[in-house]
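To keep things simple, chains are lettered A, B, C and D as they appear, and every chain counts its residues starting from 1.
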Amino acid sequence: MRSLEPKNRTSVVDIKSLRLITAIKTPYLPNGRFDLEAYDSLMHLQIVNGAEGVIVGGTTGEGHLMSWDEHIMLIGHTVNCFGTSIKVIGNTGSNSTREAKHATEQGFAVGMHAALHINPYYGKTSLKGLVSHFQSVLSMGPTIIYNVPSRTGQDIPPSVIDAISENSNMAGVKECVGNERIQEYTNKGIVIWSGNDDECHDSRWMYGATGVVSVTSNLVPGLMCELMFQGMNPLLNSKLMPLFKWLFQEPNPIGLNTALAQLGVIRPVFRLPYQPLPFAKRVEFVKIVESIGREYFVGEKDVQVLHDEEFLLVDG
Amino acid sequence: MRSLEPKNRTSVVDIKSLRLITAIKTPYLPNGRFDLEAYDSLMHLQIVNGAEGVIVGGTTGEGHLMSWDEHIMLIGHTVNCFGTSIKVIGNTGSNSTREAKHATEQGFAVGMHAALHINPYYGKTSLKGLVSHFQSVLSMGPTIIYNVPSRTGQDIPPSVIDAISENSNMAGVKECVGNERIQEYTNKGIVIWSGNDDECHDSRWMYGATGVVSVTSNLVPGLMCELMFQGMNPLLNSKLMPLFKWLFQEPNPIGLNTALAQLGVIRPVFRLPYQPLPFAKRVEFVKIVESIGREYFVGEKDVQVLHDEEFLLVDG
Amino acid sequence: MRSLEPKNRTSVVDIKSLRLITAIKTPYLPNGRFDLEAYDSLMHLQIVNGAEGVIVGGTTGEGHLMSWDEHIMLIGHTVNCFGTSIKVIGNTGSNSTREAKHATEQGFAVGMHAALHINPYYGKTSLKGLVSHFQSVLSMGPTIIYNVPSRTGQDIPPSVIDAISENSNMAGVKECVGNERIQEYTNKGIVIWSGNDDECHDSRWMYGATGVVSVTSNLVPGLMCELMFQGMNPLLNSKLMPLFKWLFQEPNPIGLNTALAQLGVIRPVFRLPYQPLPFAKRVEFVKIVESIGREYFVGEKDVQVLHDEEFLLVDG
Amino acid sequence: MRSLEPKNRTSVVDIKSLRLITAIKTPYLPNGRFDLEAYDSLMHLQIVNGAEGVIVGGTTGEGHLMSWDEHIMLIGHTVNCFGTSIKVIGNTGSNSTREAKHATEQGFAVGMHAALHINPYYGKTSLKGLVSHFQSVLSMGPTIIYNVPSRTGQDIPPSVIDAISENSNMAGVKECVGNERIQEYTNKGIVIWSGNDDECHDSRWMYGATGVVSVTSNLVPGLMCELMFQGMNPLLNSKLMPLFKWLFQEPNPIGLNTALAQLGVIRPVFRLPYQPLPFAKRVEFVKIVESIGREYFVGEKDVQVLHDEEFLLVDG
């Protein structure tokens, strides 16, 4: 189903150099459908504040709560509106090889610049199965492999990455296992993005990572750029640490969703099984914002402690 | 789910001025999936030969044989690769109002410039139901209404068109009922495209139509441009008449699919329930090409009389 | 994907003998989803009043407004709850051969006793394509072919029926073209069901039809049984004629939906593009019920003239 | 969408008493679609050898590699053909609450006797989110909760089970965390099925478990019945231990799929990302079969060491 249109061709080299990739939030309307106006506004904030790429429909963007047609549509929409200003990386991974292939074909057809691929979570498979799974999709275009055993229940070991690294479409790895693993890869010249905001400063400046796929940059894109672009900065890293900790006290994107709603840049609508952080934590967030400085956060409204009844949970 | 991105906004005025819109063919690979390389090449041929718009996934493009995710993907792909060179009109109509709304939202989200909407074929409805159906989708962006009673089993009468013509997104009507009806509309200032290649010359130059949504322009885009752009030309119209007749002897796109395969610009793959025209008709086509001149037709290979066994029919 | 389980095997002979098949209504909840409680109650009324078969998701049941998963689920549900009391015929036809095959496989897998297949409406095809389309699905189990050119835009001519009649799964034809055509088929021993309530008495008793696929039997199942089971009865036929006329003044199932809501056996919820008949027609229906006798109609509530604001139209 | 049909009502008590529930394998044809003939034959073997329930489309049955329409169809098929002989438990869980609700509604509509629900794997959520997720589906019918942190990346703690145990549809927990956790539940009167074949003997006879949801019973249903029905039997447990170990050396169902193909009861077709165990392991399996006794295993052919080229891997 491949297209040879120049507009659909992207270079792996362009992907390999990205330093700040934001795992962009997907905002919802009260009826549970996408709020594209809010989404476009979040995308603008990323672009003007320096992010170089976005992951569309990642775990942060709740791709696992989308139907595939919603998911591909959102990739196509992002490419169409913002594809000349920022690299669009579609999370077209799946624990089903068939689904991953189909979604990746479609994602590249609508113009995404790269694919993010997870190993088969939940179902899992053998190492041989992992390699086959990734090889089934690598031919289609630039690809980032995503390793997050705390979600998938299965580590992608270096042997698997080595086996697929010969492929010219292999851009690198979004790695969540830690800096020791990152060092092992960067020693071999494999491009790495940290998948943990609280480690990314060290990953980048001490362990050879190229950058980060960040959740926090949804909130403070400018500061995350500073952290990734302008050299070692332990002071800034320390200043952001309470925000990192706050964001990940419950499974992501619970913290992020709560925070963006408090900042007034999205409607306070959650797709179940996600629910907002409790009131006390929302009070804490206001303090964190004040401590870092409201001006560094996206949006222009005052940060608010929303009440329980202001949140809408949708499940249908 | 609306987006306010400037890149996603198109003007109804731009749509209203299109003279040659091609109902573009969707070509297939032997496995029945889209052949995007061939598609891109067909799109290029349209652009370089002067077509101003395309209908993606119309009846000619076999939208009714696509899953919705394929359909929206093809719209997104076309916008992404060719959207700056040609107007992309997605056939996001359906006989289900829910489906039509969903597909149209998605089509505009991935950047289509206008939607084509059919009345509810097969299921049909009352006149009041027709108006409500169209009003459910008109708010989303520029819209062309398509009237083809020989397919839908139900005429869209002028009263329905009048009722929705107040809507600022209403671009006009693709009308197949004939020139008398066209005159009735153009007298009122309603923009009309002929839906019948064999009538379009007269519709345009004698009955006030703005242009044509053409099947034949898949084959001879340059000649169809000449017919639509350069004033009355009964000689050219007569010259093309045998081609028009040949193309529509069986339900479209049977003739078109057969012809494009004979011209060597698509693989001879049909999705059932379509089947190629029989051998004798394929011989006839070669003669028609020779009579009009091979150089006016798309592709550079010799036109061939394919044998039955060269065609592949897929149904799964 | 075939199953050889005896429980999944049905005999064509059993299908061929059905005299009253009801094209059962699909009722909805205010959120637009199926109202299975109301559906089950409608099914009970059919069974206790003598209907021998039901079409699930026909045009009357608004199969064209269902997603395929809803559609197959409803077939499976009907088989599971009522399959030992009544023959369940799934409308698994489509204008896409691929879809028709997939749905028919699934329908037989969940236990339907026969499939109803339409010719490719809207898209249409050649006679050769029609034969191939039907042959693609005939191998799967007992099959009724449905001819209704006023919906499909294309007549299935006798030559096509002849070509597929050799297949041992071919049960017969639901024919809407009229009694002359019916006579032509019954002369040849082809089993026919009338698709027109207003003609079915004559079709059955004067032209050799085996029975009817009825819309009206949703309302007066007992009377329709009498009409089909107990010999020529022009008096009863005349008595029902005003009801037949009332029901089909707008495209079916607009009248039926309105009537069932007025009888209090379904919620007054319509999926667009259908809308209730206007107030004056609802007043007429009450008079027709009174004239025929409330006791012959399904339900036990008084028949009501619902007001416009009592109807709910859903489109999402 | 609820149905009140008696045939669709099942009692939680009936579910609570099941001792041997087989997580049934889904076999495939070479084209990757379901092989329903082989499936029906596997189901028969379960029934005649004493299994009391099946999980349809569990992780063993590769529900995560099915489209939802395939999945619901398979549940409906199983109910229709075997529902009077065995309890049919549909794995209608999902990490999306919307999907879980939709699938569970449909599963009960087509007659499944109970639902199996997983916590949101991969995406994960807060404890509050877990409770809401389960409560969204518990109203629909008898429910078994499934806890397998090694797949989901998140333990369902007893506090969550306690919070939902008040619901009268809560049948019990399929627990994989171990016998200490099982004891904690059974002390409180919560019904437990072991999710680990190698622990199930002890779980049942020493820690109060009611039974097992077994993978191994696909192969030796009679022996697993003996293990669960006839009192403590450490000798039999020891005899089976090498089979248990062999089966789970790679993520399930890799071992099971390989074994069933070697026993000649399914075609050697794998949906990726699963691949057969390597040759040496297949040799080992033959020895295990010989050591336990071929007569205890399903099928009647000789157990074979299949060669690599006999396996077919499908991904499209």
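Descriptive notes on the structure:
Note that a residue touches a chain if its C-beta (ideal position, glycine included) is under 8 Å from a C-beta of that chain, and two chains touch if they have at least 3 such contacts.
Note that the structure is predicted; figures quoted are calculated from it, not measured.
Common neighbours of chain B and chain C: there are none. Of the chain pairs listed in C-D, A-B or A-D, the one whose interface repeats that of B-C (more than half of its contact pairs identical by residue number) is A-D. With chains reduced to the mean position of their C-alpha atoms, the one farthest from chain D is B.
Our note on geometry: chain A versus chain C, Cα centroid distance of 50 Å, whole angstroms.
Measuring from the averaged C-alpha position of chain C to that of chain D gives a distance of 39 Å. A straight line joining the Cα centres of chain A and chain D is 34 Å long. In chain D, the positions touching at least two other chains are 316.
Touching pairs of chains, sorted by label, consist of A-B, A-D, B-C, C-D.
By the touch criterion given at the top, residues 32, 59, 62, 64-65, 95-98, 101-102, 120-126, 128-130, 132-133, 136, 149-154, 250-251, 254, 271-275, 278, 313-316 of chain D touch chain A in their complex.
Across the complex, chain A meets chain B through its residues 1-5, 7-8, 29, 33-37, 39-40, 68-70, 72-74, 76-77, 79-81, 83, 106, 109-111.
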